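Everything on this sheet refers to the single structure shown next.
Lettered A, B, C, D and E in written order, each chain numbered from 1.
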Amino acid sequence: MKKILKKNLQNLFAAISKETDLFLPVLNSAKNAEFKKWTEGTEYSEELNTVRSAKDFFFPQTENICDFKTSGKNIEIIENSELPENFAVFGVRACDLKSFEVLDNVFLSEPVDSFYKTRRENAVIFTMACNRPKETCFCHTFNINAADPKGDVECFEDETYVYLNPLTQKGKDLLNKVTSALEDETEEPVKKIKAEIEERLKNLPLYNLSAESFGSDKTEEFFNRKEWDELSEACLGCGTCTFVCPTCQCYDIKDFNTGHGVKRFRCWDSCMYSDFTKMSAGQPRTHQKERFRQRFMHKLVYYPTNNNGMFSCVGCGRCLKKCPISMNIVKVIKKLGGTANG
Amino acid sequence: MQRIGVFVCWCGSNIAATVDVKAVAEALKSEPGVVFSTDYQYMCSQAGQDLIKEAIKEHKLTGLVICSCSPRMHENTFRKVAADSGINPYMVEIANIREQCSWVHKDKAIGTEKAIILARAAVAKVHLNTPLTPGESEVTKRALVIGGGIAGIQTALDIADAGYKVDIVETKPTIGGKMAQLDKTFPTLDCAACILTPKMVEVAQNENVRIFSYSEVTEVGGFVGNFTVKIKKKARYVKEDVCTGCGLCTEKCPMKKVPNDFNLGMNNKGAIYIPFAQAVPKVATIDPNYCNMLKNGKCGLCAKVCTAGAIDYTQKDEIIEEKYGAIVAATGYNPISLDKFDEFAYNQSKDVITSLEFERLTNAAGPTNGVLLRPSDLKHPKTIVFVQCVGSRCSADASKGKEYCSKICCMYTAKHAMLTRDKYPDTDVYVFYIDVRTPGKNFDEFYRRAVEEYGVHYIKGMVGKVIPEGDKLIVQGSDLLDNKQLKIEADLVVLAAAIEPDKSARNLATMLTASMDTNDFFTEAHPKLRPVESPTAGIFLSGTCQGPKDIPETVSQAGAAASKVIGLLAKDKLKGNPCVAHSDELMCNGCSSCERVCPYKAITYVDKEFRMPDRTTKVRRVAFVNEAVCQGCGACTVACPSGAMDLKGFKSKQIMAEVDAICK
Amino acid sequence: MQTVTRNQLVEKAKELLNNGTVTRVLGIKKGEFSYDLTPAVFTSAEELEKEFEFNGFAAANFSKYLVKLADGEGKILVFLKPCDSYSFNQLLTEHRFNRENVYAVGIECDGFADYKKIEEEFNDGIKSVEFNGEKIEVTTLYDGKKELAFADYMLERCKNCKTKKIAAFDELLTENSDETKNTRFEEVEKLEAMTPDERYAFWRNELSRCIRCNACRDVCPACTCEKCVFNNPDSGVENKAIQNSFEENMFHIIRAFHVAGRCTDCGECSRVCPQHIPLHLLNRKFIKDINSFYGEYQAGAEVGNRAPLVNYTKEDIEPKDAVGRGSEE
Amino acid sequence: MQVNEFKPKIVAFCCNWCSYAGADLAGNNRLNYPDNVKIIRVPCSCRVNPMFILRAFQRGADGVILCGCHPGDCHYTSGNYYTRRRMALLFSMLEYLGIEKERTRVEWVSAAEGAKFSATMNEFCEQVAALGENKRLEDLRCKQ
Amino acid sequence: MDKLKEQILRTSGVNTLKCMRCGKCSGTCPSYDEMEYHPHQFVYMVEKGEIEPLMKSKSLYKCLSCFACVERCPRNVEPAKIVEAVRLMVIRQQGENHLTANDIPDLLDEDMPQQAIVSAFRKYSK
């Protein structure tokens, strides 16, 4: 276990930056946190959630796949060579870390997504335990412990110090390169922090929310529930929930005609959009209710069915804050999951 | 994928001197979709056209790009070449490498480079071109003339003479209009009735003309070549086809106190009346506001005296629906109301009259049988003051009167002054003028004669006020040249009131979707080049409804409008411009934005049932473009927020493709 | 704090349901917390009693829902705040729903609270928010109770409320007011006063946060297109994600232009933006320009008004005189 | 003079009836204007969608000019009045976003004003050249 | 010279260019015969910049400000406002009050309403 005085954090960031690009949550002018590359003077923000989740690092909103360059009647294909070398991310919360696991199941199973894989392998993740979880947090529902965030290097903070605990070889290697900035410390202070956090988690309003009634092979039980009408009736069909969600993984592949060729790129898509998975014969889900249902069924039933019961929600609470009409997965779980839900 | 042929014209040395035409043709060969590219000295020549035709055949071309002079020059030539070779003419695009390239650049390298880019842009557009066919619509071979004054009569006669059916709709019981009320006409001083009434008779007797007198247009639908018009024939309580016009009823009618509007209320008539002796149709009309029989069922004298049995107190308004290919507006003018000009005492003294009233006072058929007597005491006026520009040439912010010059007042005032001095040499005649405007054949000579031969006193200045004093009118005005204020003791004051479009024109314009200017004159399609056409296709303008005019001008414009109508009716079918707006109904919101900006009212809305993506059906309000009316400006395409509206031949994608090619 | 109470609305809704005037009620449903309110349709008195909510966070503009809901069986009851009423009229002007199928009850508005501003105040979870007169009582998770002045935590659009006049209604639940305020262009003026470079930097900073989630568009009562140009592959501007600064600019310019003259300035776009981009500043620039170039115009003030961009006068200002005029005034 | 080396790309939208004919007249009279001005013919200035203007900037244009009939002389009677409103608002918005106002222009050029067309293009080119490359509305993907 | 004209145009708010020289103002003026320069001349001379003769003229005090010329001008030129503006320019100069308190007793007259004297005093003095 290492530690560093909070006021000296900049030294640590500087040291890491010497080794590799470092990204960390920073408050922007709208007072929202977003991940930014550290440069001298960049202040770390203790804000719980960044607006966009940390999935951006591995599955960015748009990503070039390849270019087709035309000259006259000839076409030349140019592969994407923009993938990042090594980089480190500081301040990832437990929920976001868990989301990587959700994405891994999709992108790293055959056929492996090579862009995603490269990015995952090149990253060192510093997590941060959540000292002050918010009312919208319900990671506990999905057995995520905000007091025990894991990652390559697990971090904790109290008033004065940040404690760093490397867990993986990648994490240890990187910390070893920056030891000069760090002091040694025992497990004790962290134990105290963890205990405090766990106590706080128990007092959260959504602590008792349970997704137990959902899970693998429950399609028939939930698909035709009449409550979907009511839940979806106000849905605007925008993509906010899917774009702030750390586990949403749908994308579209599009071509952009640059005038002297075509750029083929993929970008996030949203199952809430009316043209989602549109095919020559039209859309399979023609009504907003169906699209809305798709999203939550996927998170709570289809994904678990295909991934040994693992839910594709991590309880980060972003959608609770950001949905323009304040519809969200908690309301869905409560409505469909019965009264036993907190 | 199109198979495009590119043809680069040298235009002799016009293009070839500044553009390396061979290099252009060569460069274009490598453009995607271009399967053939060549150059030739004169592409528009027969040999050049043959070259294109052969290439179309040999290379199975589907689209052509001609790099040549301006499309305004030869676009039609090359479209015809395409059509002759079995390609849709709208698959041709011109790259203007002469006017907009070789002629404005000197350096050959630069000219060549630009020509290649312009050609590429044309290729990019042709890629997205689709075959277009102009819509066709039948032409109803009948014209409608609204207004039966000299303008309407002349237009109708000219149309009828060309062999087409024409209907005149006139709100008054007789045709003839303002001209029928006039005494003499300037500058030749022929009697108005003598030249007008033969025309009235001629039009009445022409078998191609129908006259709907005492009638109004109430509804207009359709579009050029296919108008449907509803005409309300007001009940005149006299059977038009039975009445012989003998006039016995008008003499016997016991109700004698009806103001005679033909004489501008200066005398009275009966409740049953014939406006004037030469009225057409010469039939009696009962004024329901005064007829005792119609008001309270007592009297019935006219029916008793009518030997023909033409009186029918039960007559009702009748609506006639008729189809027309063209409509001419000839609604004419009226003098403005003088209520806002108290200083001239028009409403205080009977002896302050308008010029039109003066016409009636000097007309042999008028209230005084042509003897100039002043209305108040029927004495001969010894001093007459004419005031010009009453209500004309006022600034907009003066909030009374009209901004424009009424154009005819200078001349008729000169005429009045001259005739007065001619007939009554003992009368002193003064004319207050601001400017005397006499452009026109023999006009200024006429005015000079009034001054020089007839001794009319022209005073440069304006009347400030008219004060009735005893049986005199004190006219106080300025003489600017003498720098004096004059006070003239007059017996009669004649005001040259401004003229304005007839009030019915505004309502009519709305029905016709024809535009008007702020003064309610109809606007022309083009002020110089299309002065007798309204911007709305199939609507034509005749006479003062378009702007102040004298009689000769009115008659010539009436003839011009008629010739335009004849040109339209001579066609069996109207071929439209295929580059018209088109709305994608699935994307249309029904918001009416396009409808609001359309200058031609070509867009209407329909409720239509649609099958929605979720397999339900829904009735939606969507825009419908009448292709026969649309002129293809494209205003609607930008007003449409969803992009449902596009313009054929200039689709958004085509224009963007050109942008892309140019900016590359 | 709203003068109109939840109970007043529930009572009115019940009355209109019971006497058969309406079959459905468009309202707001309670959430998990005081602020996460969801628009919903109620069909019975029981539902209303149980789930209807109206508090200082009930800011949603109801009018856009009518495009979808005014097609159903029987009339639907909608409560129109001043803001909603302008959108309501504008949608009617554009024939987007059938007025016959709607029963509108006008309700006065005293402004709504901005949850984001309250949240910013504490680095803490918020357990509950109570509205109490001019005060907001916030119970935090770790720091106990705090009291805030309502006026300081209003939504931007409410702080600069353009008018309290309800422009459309079948019935008024409360008084209609003529109160108007003219502060809403101050921020626009500030921007106009900047140099172009400063303005460019300002907007880059704001628009670069855009994630193209379409929340602004999809909540906007003026954006009711059957198919948005940005979803239409044939439009030439379709795109699903923003790839660079150009696309950020383009999306927001085109969107603002498409609603120019039709935007009622209801402020929903800025309220829902997950990145807190002040989108209203784009729309208000158009409104300010329209007012100064073509005369005061409030979209939705009356049904059938001709929007400035589908209108003209012969004396209109020339573009070269118009551009940059705001900054010179 | 390094600045003068820069040749801006200018897209000129010209209405078919007046301005395009005006450009033709400039050609007839051999009135030079820079070759980097390329004309796109549209039926009326009111056909020009703001999207086309943005598109031009995206694709590499450094300046966009829109030419139509003089107000009151529109072939379609009122098209250019709508253009005038649309462009007044659009250009004002671009300026508000910090995009150089000198890059956009509306000019009324009649079919008789060949000289005006040429002079306008010369002047506009100079004006845009002085600003340099369009950076604020560029799309790097479209640059070679 | 131009300055005087500019000042008169500014204080009067009149656009002399709108005048079409019809003379209706002078035709309507009740004080015409009393005046050296007549209403239309005021407009025309101001337009030409000949202000000084107007300033010296007694005509300034002959105008009754009845506004008949303003009311009847077809071009909305408002000649009386020009007269007023020239008069103001004169009396605003040092010592140029047209009516001083000392003059008042002589003017008193049983038939004249006192209000008229007061308003004349106001109009003709600083």
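Just so we're on the same page, contacts are C-beta pairs under 8 Å (C-beta built on N, C-alpha and C of every residue); 3 or more make two chains touch, one makes a residue touch a chain.
A quick note: this is a predicted structure, and the numbers were derived from the prediction, not measured.
Considering the contact criterion stated above, the chains in touch with subunit D and with subunit E alike are B.
At the far end from subunit B, in terms of centres built from Cα atoms, lies A.
Comparing chain pairs A-B and B-E by the number of C-beta pairs in contact, the larger count belongs to B-E. With centres computed as the average of Cα coordinates, no chain lies farther from subunit D than E.
The mean-CA centres of subunit A and subunit C are about 30 angstrom from one another, to the nearest whole unit. Computed centre separation for the pair subunit A/subunit D is 46 angstrom, with centres defined by C-alpha atoms. Remark: subunit C and subunit E have CA centroids separated by 58 Å (rounded to whole angstrom). The distance from the centre of subunit B to the centre of subunit D, with each centre set as the mean of the Cα atoms, comes to 35 Å. Within subunit E, not a single residue touches two or more of the remaining chains.
Residue positions of subunit B touching 2 or more other chains: 597, 639, 652, 656, 660, 663-664.
In subunit D, the residues that reach two or more other chains under the touch definition are 50-51, 55, 59-60, 78, 82, 86, 141-142.
All chain pairs that touch, listed by label, are A-B, A-C, A-D, B-C, B-D, B-E, C-D. Touching subunit C in their complex are the following residues of subunit D: 50-51, 54-55, 57-58, 71-72, 78, 81-82, 84-101, 104-106, 136-141. Interface residues of subunit B, counted against subunit E in their complex, comprise 343, 389, 393-395, 397-401, 432, 434, 460-465, 476-480, 483, 485. Contact residues of subunit B toward subunit C in the complex are 586-593, 596-597, 605, 618, 621, 639, 641-644, 652-653, 656.
By the touch criterion given at the top, residues 9, 11, 16, 20-21, 23-24, 26-28, 30-33, 35, 38-44, 46-52, 55-56, 59-61, 75-79, 82, 86, 118, 142 of subunit D touch subunit B in their complex. Per the touch definition, subunit D reaches subunit A in the complex via residues 59-60, 141-142, 144.
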